[in-house]
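Once you've had a glance at the structure underneath, I'll fire off some questions.
Should a chain be cited, it is by its letter among A, B, C and D, assigned in written order, with residues numbered from 1 in that chain.
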Amino acid sequence: MKRELQYQVGDRTVTVIVERDGDRYRVRVGDREHLVQARLGDRGRIDMGVGDRRLRAYVARKQDRTYVGLDGQTWTLTKPDARRRRSGSPSAVAGALTATMPGLVLDVLVAPGDVVIRGDTLVLMEAMKMELRITAPADGVVVAVGCEAGQVVERGKVLVEIGDGKQN
Amino acid sequence: MKRELQYQVGDRTVTVIVERDGDRYRVRVGDREHLVQARLGDRGRIDMGVGDRRLRAYVARKQDRTYVGLDGQTWTLTKPDARRRRSGSPSAVAGALTATMPGLVLDVLVAPGDVVIRGDTLVLMEAMKMELRITAPADGVVVAVGCEAGQVVERGKVLVEIGDGKQN
Amino acid sequence: MFNKILIANRGEIAVRIIRACQEMGVATVAVYSDADECSLHVTLADQAVNIGPPPPSESYLRDDHILDAARRLGCDAIHPGYGFLSENPDFVEMTEAAGLAFIGPPAQAMRVMGSKIAARAAMEDAGVPVVPGYQASGDDQDLMQAAHALGFPLLVKATAGGGGKGMRVVNDPAELSNALASARRESMNAFGDDRLYLETLIQQPHHIEFQVLADRYGHVVHLFERECSVQRRHQKIIEETPSPLMDPALRQRMGEAAVAAAQAVGYVNAGTIEFLVDEARNFYFLEMNTRLQVEHPITELVAGVDLVKAQIRIAAGEPLPFTQEELSQRGHAIECRIYAEDPAHDFLPAIGAVLQSVEPVGPGVRVDAGVSSGDEVTLHYDPMIAKLIVLGEDRADAIRRMDWALHHYVILGDVITNIPFLRDVLAHPRFVAGETTTDFVDAHFGDWRPDDSPPPDMALIAAALSEVMNAYTAPAPDGAQVDGDPFSPWRTMSGFRIGA
Amino acid sequence: MFNKILIANRGEIAVRIIRACQEMGVATVAVYSDADECSLHVTLADQAVNIGPPPPSESYLRDDHILDAARRLGCDAIHPGYGFLSENPDFVEMTEAAGLAFIGPPAQAMRVMGSKIAARAAMEDAGVPVVPGYQASGDDQDLMQAAHALGFPLLVKATAGGGGKGMRVVNDPAELSNALASARRESMNAFGDDRLYLETLIQQPHHIEFQVLADRYGHVVHLFERECSVQRRHQKIIEETPSPLMDPALRQRMGEAAVAAAQAVGYVNAGTIEFLVDEARNFYFLEMNTRLQVEHPITELVAGVDLVKAQIRIAAGEPLPFTQEELSQRGHAIECRIYAEDPAHDFLPAIGAVLQSVEPVGPGVRVDAGVSSGDEVTLHYDPMIAKLIVLGEDRADAIRRMDWALHHYVILGDVITNIPFLRDVLAHPRFVAGETTTDFVDAHFGDWRPDDSPPPDMALIAAALSEVMNAYTAPAPDGAQVDGDPFSPWRTMSGFRIGA
């Protein structure tokens, strides 16, 4: 058994190759090799051993994102292959961002045609006495903007639509 | 969708019939009917609502046993149908009970041919300065006894063999 | 004692109150909006009633729905928690008119303390120091004259104000006229009221508050101070007690002032007097919070008193079980508020799903959580995930314990949390020295950015192994077992062997 | 302070010690047997070393393996926890000979207290009351004469004894001769030594112990008492502090005796003096445990002192940071030991898999757990699953809080736990009245049986719905998603709707 996995870390793609080796795993990350013992626990826990060192990590996945908690830090990894697969399917684009509660639009930071990266702020809103950022849930292109600064929007109102940049 | 499940509770078999009814479940337990909302959580949790009442239960399963924790109590339910299924397959009998550590056999409470119920004490041992009960992991019939009182047994020694009572 | 209490709140504070009731043998009724149907507080309570859609104005602020539920289910008291209806004197009166006990202060005390002007006046009468200021007239001419008498810098404040709206810092006399005009406009827009008053600006103050408890029989005690100077967006994020600024003499003077403040308004139940303390260690009454405070747990740990149980007992007519002399502080407690927010982007809420929340457990660590694995942090409510509270032997011990707890708090999902930020604040030399003032976060963490170094190999390996091992052991859809027991919480592929 | 400490133990106590080290900034090395490869203590430590097969004699008792590991990884101290090597003076000497610090008392103090006869003699010299007895001669004739002088009932005890072996209660002179003979046989068989001595039998005693701390500079303090009378099979299952029996005068006398006992043997570090207290409130030295005690957390909560950190600081040469006068008790703490055992069958271990363990969390609740979901309770080690500890404002509050915590502790799997039994003990009128003596469990719970009423409908419904909903949402074996995200902790089939 040998599995190759790829993770997007910022703008870098890292390849991880996992291979069974007796009761351990031989894992290559880039040009480094590690011999790892591992056991899955509940709540997304994975216990690992590398030589003397023992580590307890937590992993959660949702769609193409993998969240890892290790040694007091967390990372979000994305799957480049998942994104490639998805680009063939227009139904899987990030789609419309709607207002989840009534509020006041403070600022709209994007216009149709803008390329956005996951996490980019698209719209600033005020609701429930708090300022809120509406951010891009994935990389894509702004297809339409449905609100403007100063506008009071109802719940469910489409604020921004994002596509995957392909012409369908 | 309608599912019928059976649980063995002591020497009683209870039938539970589950049926979807809109966003709830209509559940019949014997001749009582309950309209229940339910949601699964992590760690085996199930949140339920019946009218005003809200309940949080925990459920774990292992082979034919279901463990339920509710309102400060726990119950072990077994599946009568699983037991019936298993009785046709000699490979699925409870099998041999072995000593998991070296110790002294204090008493042997069964003999070949004895019918035993899950939980019955078969052998009393002393190991690690503690007295230990070796109990029947399932209902069955004692096929063989591999130890006697006063004997010091090694780890892995077969203490008692249990069969399902069928002649194969 | 009461038979059944309705908790008119949600999240961690509702859970906290239900727990106290359960330990006291009192039945509980939870209320919930559509967004909270599966929340912990709903399943912990004996009964639960849906009171409307997610927006608070349609559920948790619906006094009519809440009182209906309380009456229908036979409650004899309502605990309001904090926020929502907790400081609404009309709700107190409605509750009492319905024949139920309100677990909080009398409406009249709440009204006085709810008005900036009335509270200032009451405190001045009671001899409690207030920030020097001027409120005798709203006329611009009078205000400008008074401003020169007060001196600069000063604060222009809206009489009807709150949350910083209609507030202006004026450093220089030349700015005053414009500041008055713009504050009036903003206050009129926000509150439909353009009255203003002036206060001396206390520069770089400590925000220190005193917890008080008062029974129905005129006994009032304080349970010492909480240091709450670490704030962002005018909201506390780290609180501790004792305050590193405090000495026994100042503690005694401020404690006496806090008791006097509560007595001046006929206060009953738990309340908090907030003070500003300037560089010269002068203290000034800021306001009174006429309810349980978010940060009440640190007082509970250091004073050894359960404040929620005390509230319930007081409301049930019991006298205070202790005198001021019998109370003492022991150890050092810190609370960090864990928020779904982005400290690198002005602490804006960064909401979403919490896929996995693994809370730290251990001696001296308390987590009052409102969000658990599988929950969603939504826009409807405060984006606080939990309060993380530690008790240590002394301040240094408590800081190290808090760092340990933050290190071991795993929250995975779309939310961004302030955990890395909090750890950096705890490690800052000024925090370590106990020299935090209310401008501390702005002054020292304005350009804070999270560590964006790439993940170590072991994080990538954890992700990859978790994926490979999970795929290998997943059960078939018909429930047949591919590898072991699909319902077991453990699925093992590679056991550990002797590693030496 | 030390740089790196090896923890020569497993389970909850190893976790407890690692945590203290982490908070103090000290690196840790865990050791583990094959059975513990994935235990919490192994993954929490910075490094971990396998020291052998599961039986303790092949791993946790292998002083050579442990010292090798400590040297190889550059440790400068060893913490032994409790049990295993913790009371072995030879191991202390080996550790010190290897140039490492032993976090515990000097070998000599351990040796004296480890011998029943030597300890009795040292205590008598120090003026600490011991149980009246006779040990001057082992000759039957002398013993019988001495017995008549002591009076009946009395205890025949093996000089080399332990765990009740070679011990006989003699109620009547006529039984004495047989008792001596059979005790000699048993002691010879068990210990290869047939020496005996006599003690007056203290009837229905309270078992009360005092925690002491001593530094290297001759300062000794006590941290008050623990009431440990609730026992089964001569082992404590519920401990509390303060003791309901205690009054200030008795506490002072017993505390002074405890300090004198420690001083008499040149004790250093944390230790516990166990006393028996009779109906007339006379107290008698029973033995000293020269190590950290299982039940140390209740003292930590009520005295506000971290005993593990104190142990480490003392071993590193620091003086005690407090005097006797600075120590005080506040609140009331109770510990329940959660065992995998069957209280209806003589408390025999009832081991197996723990499929799911959901620990109670909340204010005033501490869980020191050695077993978590997916772990197996095996025959190799003590079948204790966890220590459940609560701190309340007073005894009644602590009892209610403990009942709450037991109620909310969910342990599912093949193990039988003593949780229902513990709840019944807490509710017993004699426990509630604080009138527990060491025969309490035997006298009042000898025929205890668990509630065997059939499960309520909702338990069966939970089982059925869990099965139906899980089957519907299980992922396919190739990892394709049948319904939603198989890696999500939440799989929802039927959302809640407005229930009113």
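Everything that follows uses one rule, which is that a contact is a pair of C-beta atoms (placed from the backbone, for glycine too) under 8 Å apart; a residue touches a chain by one contact, two chains touch by 3 or more.
All values reported here derive from a predicted model rather than from experimental measurement.
The interface with the greater number of C-beta contacts, when B-C is set against A-C, is A-C. Rounded to whole angstrom units, the spacing between the C-alpha centres of chain B and chain C is 47. We define each chain's centre as the mean of its Cα atoms; on that basis chain B and chain D are separated by 31 Å. We define each chain's centre as the mean of its Cα atoms; on that basis chain C and chain D are separated by 38 Å.
Among the residues of chain D, those in touch with two or more other chains are 37-38, 48-49, 355-356, 373-374, 470, 487-490, 495-497, 499.
Of all residues in chain A, those touching 2 or more other chains are 37, 39, 41-44, 47, 49, 52, 55, 60-62, listed in ascending order.
A complete topology is adopted by the chain contact network, contact being made between every pair of chains.
On chain C, the positions that touch chain B within their shared complex are 30, 37-38, 42-49, 73, 356, 373-374, 485, 487-489. For chain B in complex with chain C, the touching residues are 37, 39, 41-44, 47, 49, 52-56, 60-63. If you check the complex, the residues on chain A that touch chain C are 3, 5, 7, 9-10, 12, 14, 16, 18, 20, 23-25, 27, 29, 32, 34, 36-52, 55, 57-62, 66-75, 77, 100-103, 121, 127-133, 135. In the complex of the two chains, the chain D residues touching chain C come out as 16, 19, 22-25, 34, 37-38, 48-50, 297, 300, 304-306, 309, 328, 330-331, 355-356, 359, 361-364, 366-368, 373-374, 393, 397, 400-401, 404, 470-471, 474-479, 482, 486-490, 495-500. Per the touch definition, chain C reaches chain A in the complex via residues 54-56, 163, 342, 345-346, 348-351, 353, 355-356, 358, 373, 378-381, 383, 406-408, 410-414, 420, 423, 451-452, 454-470, 473, 489-497, 499.
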